[in-house]
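The structures considered in this document are given below.
Two complexes are shown next, each including subunit A; its partner changes from subunit B in the first to subunit C in the second.
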Partner chain A sequence: MSVLFYKAWIETRVRFVAGLIAAAIVCIFYMEQHGWLVRMWTEDMQNPHGYHMKWMPLGIHEYGWYLWHYLYDNYLQQVWILSAILFAFGGLIRERNGGTVLFSLGLPVSRRRWLFTRLAVALLESIALSLFAVIVVVIGSTVIHQTYSLSQLLLHTALMVAAGVFMIAFGNLCYTLFPGNYLSLIVTLVLLGAPYLWLQTYMQHMNALGRTPWLGYLNVAHAMAGPWQLNWSTTPWLALLVAWALAAVLLGATVVHGDRLDY
Partner chain B sequence: MTAVIETIELKKNYGNHEAVRGLNLSVHAGSVCAFLGQNGAGKSSTIKMLLGMIHPTSGNGSIFGHRIDKERESLLIRQKVAFVAEDKRLYDYMSVSQIIHFTRSFFPRWDHALETSLLERFELPSERKIRQLSKGMRTKLALLLGFARGCELLILDEPTEGLDPVAIEDVLQIVVSLAARGTTIFFSSHQIAEVEQVADHVLMIDRGKLVLDASMDRIKEQYRQIQAVFTDPIEERDLRLPGIGRVHVEGRTASFVASHNVDSIVEHVRMLHAGSIDVLPISLKEIFLEKVKARS
Partner chain C sequence: MEIALTISSLRRFQVTSHGSRSVLWNAWRESRARFFCALVLLTSLVTYAVLTSPGFLARYNTHFPDKPLLYSVYVWTGLFHYALEGLWVLAALVLALGGLAREKATGVALFSLALPVGRLNLFLIRAAMASAESIVLGLASALLIPALSALVGEAYPFSQALGFGAWMGGAGLVILAFGLLISEIFEGEFTAPVVGLCSLTVIFLGYRGHTLRGWNVFDVMSATASIDPQTQLLTGPFHWLDLGACVLFSIVLLFTAGAVVKTRDF
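Right after this comes the complex of A and B.
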């Protein structure tokens, strides 16, 4: 079993390192920008003709909110999603294109074991990536002399991974359904990216109108971010359950389709 | 003798194309069985069905008594069977030693002595990445990974493709030595000379149907090329007898391959007033061409 993990790891390690670099860049950039943005918001707030938003006082006074808003509710989340679906990219369909699938299928390993081993490695790498981001934030915040709640960082990390399994499952189904390395990757990014961006914009608009439509439960991005102060009662349990249920359905579809494929 | 591989009315369709059409075959324990056929005859599809890589459209098959269409039983089959595919591409990011270590971990009966001996014999550089190996070297490595598994059955799809004559000879010797140790060998090949050298049984497939199932001894003993010159012109229907396949008639001369019943056929030809009758031994290549032409 360990050699299957080893194989999945050496196939994805370059992508993993690239994901770590991207996450580090995003975290460092927004921590570095913190002082400048707070000064700009403060000036805006003091200027009657300046740009005024409800969240600005929070952004100025709560470093924890700032971290949540820029990282867990936006850019780190996006880097994490992109990295996670890249970590899950691969498998027997890709091996068919590369010509090694008959060697793999000639080994006494079931198709499901190939699938689950690769998904397990993708999940472990995604968890490692999110924990790496925590370490970068801890070090970066010390450098810029800002304080924050470590437990909140860890809770947001846990929530991002917990809801993000949907993204891994979705990407994995796309890789199984669509042949061609680049085609399947592009289709995955379009099918995930377009609703992700549209739903975020739509939900912001609805929130501004004071409405909470049922589509909100399908907003996985919101489920991954949660509210900025996360605890048992504020955790978006229903959205999380929907994400898990959808992930289970997608995974089941991948397994059934994968079992039926001819190589 | 026990059948190690058995198929019953095995069929595989790709859309409207029938790749394998009701194949009934059996391979006996301890034999070296060659699986011959033209490109696209259905050899690789049959092998892939046997190993659970593609699903039969209908029919059934078994290896060591395990059904090929059940995923759980297919797993048991692959524990007992070493397979070397026609496309011998391997994980090119691994080194030779890494892929040996990787493959070895799945087979508890891995033959370490054979592994060492083949590494030396094939001159495979342990630390070199597979992507840096030549096609021939990759083929040798794929064969090493199959031979050293210590399995009871070895299935080889075009094992010598891309090898030089020296390497081919090495591979054939290894096949013979594994067979001598009791391993059943089932291999497909286009190289009929190789088949004649090592096989003791031949299965021939054409357009998805089995057209020959015979031991090499029987082929050598019973198959004959018969040429006869008659005093008067004859017709093909005069030679429709059991044991005669396609008959080539040109004026007063007829030639055909007899698969059995040679003495009776010669007697029949004499009764048709043949002036001369030549009964000649026939090679496997000629039989192959005869079988393929007969169906086209």
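Right after this comes the complex of A and C.
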């Protein structure tokens, strides 16, 4: 079993290191920008002709909100999703394209075990990536002399990973169905991006009408971010359950497809 | 008879030409799924941005009645200078991937190299196909803006969309050339896209954070220096020197990639 884990790690370690670098870049960039942005917002608020947005006082006075908005609701989340998808790519399908799959299938290991080991490593790497981002934020915040709630940071990390398992399952299924030639990468982005944009349009339209449609529960990116102050009652439990259910369906489809595939 | 066929310069030219056409067809077959997917991605973004613009502009102009946002400003800041530009960069990078280095890793490079086409030609044909696809992506998504604007009761000049799309595709060739170079350096399936995305993100954020200053390929792509500050439409003179610098830099990157292809032991 440990050999299978090691093999999956060898296959994905370059992507993992690149994911760490990307997450560090995004976190450092937005912490470095904090002082400048707060100064700009403050000047705007003091200027009667400046921009006055509802969120500006929060952005100026709540560093925790700033971190949540720029990292967990936006850029770190996007980097994490892209990395998680890339971690989930590979496995037996990739070996089939390289012509080495029969060596792996010849081992006394079932196809399902190959798949689950591969996905377990992808999940562990995704968790490690999110925890690494926490470490970067802790060190960076100390450098720029800002205080925040570490428990909130860890709760947002946990929520991002918990809802984000859907992305791992989705990425793996896309790679299984559209392998090779980088098609899987762009197909995954299209299948995630296009419906997401349409969902946003629909949600904005329904919000303008004062309705809360059930399709909102399919907004996984929204569930991954959660509200900026996270506690037991504000955690989007229903959206989280929907994300898990969708991930289970996708995983089931991958298993069924993998079992029937003629290598 | 066979000797005559071999030494005939005309026949040799025909064989090479046919071989090049076959390689071009092969390059299209390999990349067409990526091209159509990228087209869907870009058109989805443009459709979303244009169809949601009336609501966004109404909300914005209610919030800031003394600083009304023009539709042309919304299009440039939201698409040509931000989301469309970003997604086009991503699409160009993905279209540039592949090539002999990747084929070497999968063990099929020798089949390509056995064709009666020079390895440099193989690379250049792939580069030409990726360039054509990237330019079509830029133009098609840009021209969709005036077409869809009419549906939401707005007007965006066709010539402006054509200008911004062509400028993005022309200056953005440097991104494509960078993608072609890294695809010929790294053999790993995801090493080239990951290295490319990380490098471009660092450069982009470096400029946004003012760590890097001065000439900026992303600003050249969105024709920042040639727009009117009020309407954000192309009114000023085109900065051909900036475009020339992008093309020159693209050629340098392509030469470097060509040198890598020529000297590599497959």
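The rule we apply is simple: the second predicted complex is superposed on the first by the 246 of 263 C-alpha atoms of A that agree within 3 Å, B and C clash if a C-alpha of one lies under 4 Å from a C-alpha of the other, contacts with A are read in each partner's own complex, and residues count from 1 in each chain.
Note that in this section a residue touches a chain if its C-beta (ideal position, glycine included) is under 8 Å from a C-beta of that chain, and two chains touch if they have at least 3 such contacts.
Fair warning: this is a prediction, and the values are worked out from it, not measured in the lab.
In the superposed arrangement, does A:127 touch subunit B (first), subunit C (second), both or neither?
neither
On the A-aligned overlay, A:253 touches which partner chain: subunit B = first, subunit C = second, or both, or neither?
A:253 contacts neither subunit B nor subunit C.
Have a look at where A:56 lands relative to subunit B and subunit C in the superposition and call it first, second, both or neither.
After superposition on chain A, A:56 lies in contact with neither partner.
Would you check which partner chain A:98 touches, where first means subunit B only, second means subunit C only, and both and neither mean what they say?
A:98 sits against subunit B and subunit C alike.
With both complexes overlaid on chain A, does A:10 touch subunit B (first), subunit C (second), both or neither?
After superposing on A, A:10 lies in contact with subunit B but is clear of subunit C.
Based on the superposed arrangement, let me know which partner A:89 touches: subunit B (first), subunit C (second), both, or neither?
second
Kindly classify A:154 by the partners it touches after superposition: subunit B alone (first), subunit C alone (second), both, or neither?
neither
Which partner reaches more residues of subunit A, subunit B or subunit C?
On the superposition, C touches more of the residues of subunit A.
Under the contact definition given at the top, report the residues of subunit A touching subunit B in one complex and subunit C in the other.
Shared contact residues on subunit A: 98-99.
Using the touch rule from the top, collect the residues of subunit A that touch subunit C in their complex.
Those in contact with subunit C are residues 14-15, 18-19, 21-22, 25-26, 29, 32-33, 49, 51-53, 82, 86, 89-90, 94, 97-99, 178, 181-183, 185-187, 189-190, 193-194, 197-198, 200-201, 204-205, 208.
Which subunit B residues qualify as touching subunit A in the complex?
48, 51-55, 71, 75-76, 78-79, 82-91, 93-94, 101-103, 105-107, 142, 145
Flag every residue of subunit A that touches subunit B in the complex, lowest number first.
Subunit A residues touching subunit B: 2-3, 6-7, 10-11, 98-103, 105-111, 259-260, 262-263.
Within their complex, state which residues of subunit C touch subunit A.
Listed in rising order, the residues are 30-31, 33-34, 37-38, 40-41, 44-45, 48, 51-52, 55, 63-64, 66-67, 90-91, 94, 97-98, 105-107, 188-191, 193-195, 197-198, 201-202, 205, 208-209.
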